[in-house]
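Quick one: this structure, given as structure tokens, is what I'll be asking you about.
Going in written order, the chains are labelled A, B, C, D, E, F, G, H, I, J, K and L, and every chain counts its residues from 1.
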Amino acid sequence: MTTVRSTLPDDARKVACEALQDTLVELLGLSLVGKQAHWNVVGPRFRSIHLQLDEVVTATRDFADTVAERSAALGVPPDGRPETIAKAFTLPAPAEGWVRDSDAVQVMVEALQEAVGRLRERIDATEKADPVTQDLLIAITAELEKQRWMFDAENFPR
Amino acid sequence: MTTVRSTLPDDARKVACEALQDTLVELLGLSLVGKQAHWNVVGPRFRSIHLQLDEVVTATRDFADTVAERSAALGVPPDGRPETIAKAFTLPAPAEGWVRDSDAVQVMVEALQEAVGRLRERIDATEKADPVTQDLLIAITAELEKQRWMFDAENFPR
Amino acid sequence: MTTVRSTLPDDARKVACEALQDTLVELLGLSLVGKQAHWNVVGPRFRSIHLQLDEVVTATRDFADTVAERSAALGVPPDGRPETIAKAFTLPAPAEGWVRDSDAVQVMVEALQEAVGRLRERIDATEKADPVTQDLLIAITAELEKQRWMFDAENFPR
Amino acid sequence: MTTVRSTLPDDARKVACEALQDTLVELLGLSLVGKQAHWNVVGPRFRSIHLQLDEVVTATRDFADTVAERSAALGVPPDGRPETIAKAFTLPAPAEGWVRDSDAVQVMVEALQEAVGRLRERIDATEKADPVTQDLLIAITAELEKQRWMFDAENFPR
Amino acid sequence: MTTVRSTLPDDARKVACEALQDTLVELLGLSLVGKQAHWNVVGPRFRSIHLQLDEVVTATRDFADTVAERSAALGVPPDGRPETIAKAFTLPAPAEGWVRDSDAVQVMVEALQEAVGRLRERIDATEKADPVTQDLLIAITAELEKQRWMFDAENFPR
Amino acid sequence: MTTVRSTLPDDARKVACEALQDTLVELLGLSLVGKQAHWNVVGPRFRSIHLQLDEVVTATRDFADTVAERSAALGVPPDGRPETIAKAFTLPAPAEGWVRDSDAVQVMVEALQEAVGRLRERIDATEKADPVTQDLLIAITAELEKQRWMFDAENFPR
Amino acid sequence: MTTVRSTLPDDARKVACEALQDTLVELLGLSLVGKQAHWNVVGPRFRSIHLQLDEVVTATRDFADTVAERSAALGVPPDGRPETIAKAFTLPAPAEGWVRDSDAVQVMVEALQEAVGRLRERIDATEKADPVTQDLLIAITAELEKQRWMFDAENFPR
Amino acid sequence: MTTVRSTLPDDARKVACEALQDTLVELLGLSLVGKQAHWNVVGPRFRSIHLQLDEVVTATRDFADTVAERSAALGVPPDGRPETIAKAFTLPAPAEGWVRDSDAVQVMVEALQEAVGRLRERIDATEKADPVTQDLLIAITAELEKQRWMFDAENFPR
Amino acid sequence: MTTVRSTLPDDARKVACEALQDTLVELLGLSLVGKQAHWNVVGPRFRSIHLQLDEVVTATRDFADTVAERSAALGVPPDGRPETIAKAFTLPAPAEGWVRDSDAVQVMVEALQEAVGRLRERIDATEKADPVTQDLLIAITAELEKQRWMFDAENFPR
Amino acid sequence: MTTVRSTLPDDARKVACEALQDTLVELLGLSLVGKQAHWNVVGPRFRSIHLQLDEVVTATRDFADTVAERSAALGVPPDGRPETIAKAFTLPAPAEGWVRDSDAVQVMVEALQEAVGRLRERIDATEKADPVTQDLLIAITAELEKQRWMFDAENFPR
Amino acid sequence: MTTVRSTLPDDARKVACEALQDTLVELLGLSLVGKQAHWNVVGPRFRSIHLQLDEVVTATRDFADTVAERSAALGVPPDGRPETIAKAFTLPAPAEGWVRDSDAVQVMVEALQEAVGRLRERIDATEKADPVTQDLLIAITAELEKQRWMFDAENFPR
Amino acid sequence: MTTVRSTLPDDARKVACEALQDTLVELLGLSLVGKQAHWNVVGPRFRSIHLQLDEVVTATRDFADTVAERSAALGVPPDGRPETIAKAFTLPAPAEGWVRDSDAVQVMVEALQEAVGRLRERIDATEKADPVTQDLLIAITAELEKQRWMFDAENFPR
């Protein structure tokens, strides 16, 4: 018995939903490691970085919700369980314990740089399969590139 | 005497504005039949479905306004008069009188499924003619697919 | 099997719900032709009339909802489907295409004048049958008379 | 020594204030039994009914305040003490303990149906005595009839 | 040349608009003398009475606007010019200069008592002529009777 | 068949839920007699006392809701029906009819003083049984002691 | 027995409070004739002028309140009674009955031009007597000059 | 070099921060599996459960933030990284893929029941070590017990 | 090494910043003794005076912030430390312990009267030195004179 | 030393950032000349055009910010200095001094028409280079085309 | 003559109110020295520290109000007069004049660390005497420990 | 033909409007270079400076609007066109390209210091000519001096 039907043919749905599932893991992962850094950051720039990281958390949580619901809307159940994130999340992240402010900035620049690179590949991959999904990935990229720039500007001079 | 001039060449304008006019009729039609079901639904899920249908009405009314103003902006007067909707609206819709909650859910799944299919064709058709119009149709599709999923999930097991 | 029971005896319910159904069609029709004029108006008073028409749309949509739910509350399913409006809506309305601002004002004065006349007959008709319905029709009349006056004042000198 | 003087002659005040006192008891009683059901409802429709009952509580509390202050304004002290409600409140109400969701719906339909019937008699009774009080009773009836319909629609098929 | 046309026949319009014009003068007058007392009150209850008087001012200003626009909507230009108020306003009012708090309360009780009496006559007078105008006068009476009670309760023991 | 299961062992649940049920009756009773005094108070301090009493009503209504839902959460259905309140509510309360402002203040001081005394006993009684319930009773006591002080300060010199 | 004492010596207080009383009459007068024009304006610019006049009413009402309370704060009771305004208000104002939109604009330009001229004299007069009062008159002038300009710009070409 | 100093002696800090770390993992885990169920739920109660689950997500996210910051405030860096949650989170949770509405309700009842049991042990454990931490755990327990009850009430009859 | 440079020459800065420092002490002092009276007032006007005093506190706190930041902006560090206020604050203030409502009113009249007198001297003193500082002192005087009047009006008959 | 790194290869970045820089100049220029017309417009449509121009200013300011930050995010510093705008801004604009309302409308139609034409070229140019930048340009075009239509509709008959 | 009666026996009241009075002095003192540092801080972290200090001021002002009103509620008049604070406030505080940002951070860490230590003693002292007061002290400690951590994290490496 | 008439004699208008035009150019210029720095700032204080600069932009944009409309109100058309700003704006400003955070702070201190110096001259110049314009220039100076101080405090040690 089918559960939620799709509005896409099978091939297109497969391409779109794989892009969405991979993006979901990265957004949820970023929201968790963003909070981790938000709590553990120390150093003279504590307050600025503490607040900036919460903006990353808010943005990634909101996009994760949209991404997961889009996958469901296309008929494929999204997977955001803790074990799935732990296994599939491979972006740079802060280590355990207190994090120096400059290190927090550096790791966010790297994580967001890498995330944007992967998103751009998925933007290409979904162009034919589903322009609606592609449009969502473009919006996420715009936001993560903006966040990346702000950490990078903060990171000067390296 | 010209009235409102267009920023598009004639061919492109024709393609874009036909897509917009057809979408306008469907959005206005959905807003009317959504309200019809909102008022007439009965059954143990009355309150949930009653509220959910109003979200469809709000979304379709807002998009109808944007679609019609976009057509005007391209120099073609939109047509949302009662007789036009009655003639051109061909999506599935509830019959007269009280509607059982499960029937309301079923008819919304079908109407939105069909609407999304037609929108996807228009997304293709407008890609070259007017990417600005295409972007609006993509946004409408994203919303209607989300609404469709929520009714479909509610419709389980069929 | 009865669906929604009434709190009124059969005769009173018939009088009240006919008045409500006729009013519903007029309010939905006015909301549609109000939007039609809102989109298609042209001329030096474009902005004023464009905004004023949206106030008519908001008022008629809100009252339509109240009127339809009152009919349901009295045990009679309201009918606001596109084909019903197209068939039963007989108030003056703008023609297809762009509408000169002075014409839009003129047609709204006439449509609202006619609507108020019909509402006043229904206020009389429902006085004995259902003072609760009558009170709602009085409130609608007050609002439509106010809108009518503002278009009429705008329409001077004719 | 008079306390608060009336703007009505004695006969009219007596009619109006008896109608208001009886209505006050019913509104306060409904707000209490609505909360009782709100807390004790169980069953698969728990959340919907739990929320819907709170709308009844809010509406009846607000109207009770208006009704009591109107009685005071007419020079007769309103009585909403616990013992008065306990003695005078005779509408159907849920029994002690957990309440099955379908039973909560059923008892609200019956209580509101009965309350509306009594209000309609008071609308007739106050027409000559005090049209201002009558107008308030009409507004209460409109709201309670709307609430009654929504529970009745939820109650289908009985 | 007619200016703003009426939706009422001449006789009914005359009755309704005279009631509205007389009410307009009283509401504007009350808003002015309410402010006068608000500024000039002295005594141990200064703050309470100062604030309470501003509620009268807000209520009478809002109703004055509605009353005047209703007259315009019925085709009769309302008259709220200073000289008209000065000539036609005959309710009790505070004298020039500082006003003792108990005197301010007393004069508001008297002014509102008298205003309510006149409004009740106009409610009778407009019943046949225009139920829409009557409904507005009923709403104003309800508010002024509430304000009157609160000053009267404050005025105890006299 | 169990309905709502408890997270507490039987003994602890019995202690906690008796404390909650007794508190519920007192909060609902206070909200009713607070409104009774709010409507019937007369005297030169009318406005101050009228407003202050409404703060008691708001606080006791909100806490009553929390207390009742906590009892349900612990698996015991709360009882807030009119007849239960009438029987079990034993705090001082205003008599029928108009209430002099100084009497309203005096009765609120006494009712809140007594309520606080009982709550302090329940804070002791629930310390071992359920610290979560105890924490809620502490919060209620803090609020009622604050309200009691404000009426007592108003009551000076006695 | 003194009522409200002044923080100014007698001479200064006399100068300041005469300036304030004269300004009070003009602000209250402008708020009344602004409303008069707001209700009675007719013509193709009805909506624009109708809304613009209400901004004058809001500004003059707010400043009138500040001016009157400042006079009271300086120990002189302000006088804003209907008869005082009728006698002392001498700015240009619309005649009775409907007002053509261009006439409403013209009369507002003249009334505000004249009001500003008088305020500038009072700014000079109060400079030594009370810089606090002068500062308030400066703020009023700034606002009325802004309103005057907007009507004057609307009035082009004369 | 110490990073963030503690306001607690070492023993107390150890007890408090272990309780906080364990609670953090459960709150983050619940927020993730709550979202998982929010996205994947299907069945006739879809909308109710979908919305209710989001309330759990909001509550657990907010408390997770407070818990983690309290640990940092006591000088121990909190750990909320994906791998930590995946390893340490042991509450019942929905399986991969679509989840029937009744199953979602059932698994939330079980997860919250278990979470509350563990929290109650930590409330005991922290009583001596740190009453401030204990107070936070009490607040979390109150909220989770409320959420548990609402799912349990929805789960009737099992 | 200079810290914050000034935009004023030395003489002018000295005059302006002495006026600001003296005003700062009085505003902070008034905010503290205003709260002291807010907490300790007793008597039949408790609620009115309790609320009115909080308006003084809010106003003096906000102006103190503006005054201190203006001093910093002019290059002179403001001093609002507890010992500075205790030493330099010489306005009338309530004694320790409960304060009768009439005494609280009386002491506020005196304190504000004295404060206004000093401010008027500083308005003169700063006219040449710094019109920007003078403008701020004028605004503070306007507010404190308004507060003084309201307590004085409340204080009648003395 | 690199400052802000790019997420795009050099060629793509060059294309995207030139499109963004050219768009930035046009948006900033439009916001300045929109304000210029907003302040200097005269004529019977003053108020409508004055308000409409401010909507253009708000939209172009907001988009300018997004466009500049996007350029920074791609690693190229945006240039919005006065001299840059003065040199590079070449859209039609109002001349110095007062502007007749019809001329303001005409110049806005021309400026927006030209701006849209250039944006459409950049939409084509960035399609391959950077779909994220293209998506932003599409959104800007949609808004400017809407603004253009509203001025064009206002401009009828030319 | 007693003024405000207590709900606590004499011994318990003495313990609770001494704890409250000592806490009041520290909260008021912290709010004053927090503002002092807010105004006088200089250095590259000016903006961050300036804003963070205002959060301390807001928190301590709000808690001071609650603490003082709780003392009054227990029948003991709180003392927050300038001379009392100056005498009794002994926490570390910034010296007169400009304060380097790192020094402001350091002094806040020390002041809050010391304040928390004293609060923890009072939490123990009031456990038996008054759990309601204890609960308030726990809430204050939680907030001050959070503020202390944020300054301490900012203070790294020391 | 005159366009907008003035309320000032020719000489005074000339003085006032030259001061306003010069101020307008500086405020618009500051809003543009403030945004330029907002976008291009880099360095460890990026976020603080980025946000602080936007406050300068908001303040200068709002004051520019008030200044320009005041000039129009005095009958002289303001000139804020790009070429006018480019020619007349002579305050220090950041160079093209990325700007180090410390350089951004330094340039804002200098630009605001210079702007304040010029405004103080205009405050003197307009005192006789137009105290209303002078009052506006005083308000602008107060704000710019505050902004200058905050950048200067941030700039320590230089």
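Methods note: contacts are C-beta pairs under 8 Å (C-beta built on N, C-alpha and C of every residue); 3 or more make two chains touch, one makes a residue touch a chain.
Chain labels with UniProt names: A, B, C, D, E, F, G, H, I, J, K, L = Starvation-inducible DNA-binding protein.
These numbers were taken from a predicted model, which means no experiment stands behind them.
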Task: Neighbouring chains common to subunit C and subunit E, by label - done: D, G
Open item on the list: Given that subunit E and subunit G are copies of one sequence and touch, is their interface built from the same residue numbers on both sides (over half shared) or different ones?
Closed with: same
Task: Chain pair with more C-beta contacts, A-B versus D-H - done: A-B
Task: Whole-Å gap between the CA centroids of subunit I and subunit J - done: 49
Open item on the list: How many angstrom lie between the centres of subunit E and subunit J, each centre taken as the mean Cα position?
Closed with: 53
Task: Mean-CA-position distance for subunit H and subunit E (Å) - done: 59
Open item on the list: Going by the contact rule already set, what residues in subunit A reach two or more other chains?
Closed with: 3-4, 42, 45, 48, 69, 72, 98, 135, 153, 156-157
Task: All chain pairs that touch each other - done: A-B, A-H, A-J, A-K, A-L, B-C, B-D, B-H, B-J, C-D, C-E, C-G, C-J, D-E, D-F, D-H, E-F, E-G, E-I, F-H, F-I, F-K, G-I, G-J, G-L, H-K, I-K, I-L, J-L, K-L
TODO: Can you check the complex and tell me which residues of subunit K touch subunit L?
DONE: 41-48, 50, 98, 100
- [ ] Provide the residue numbers of subunit C that touch subunit G in the complex, in ascending order.
- [x] 45, 48-49, 51-52, 102, 150, 153-154, 156-157
Open item on the list: Can you tell me which positions in subunit I touch subunit K when the two form their complex?
Closed with: 3-4, 28-29, 32-33, 35-36, 39-40, 42, 61, 64-65, 68-69, 71-72, 77-83, 85-87, 89, 93-94, 96-98
TODO: Using the touch definition up top, name the residues of subunit L that touch subunit G in the complex.
DONE: 1, 3-5, 7, 69-70, 72-74, 131-132, 135-136
TODO: Under the touch definition given earlier, write down the residues of subunit E that touch subunit D in their complex.
DONE: 113, 116-117, 120, 123, 134-135, 138-139, 141-142, 145-146, 148-149, 152-153, 156-158
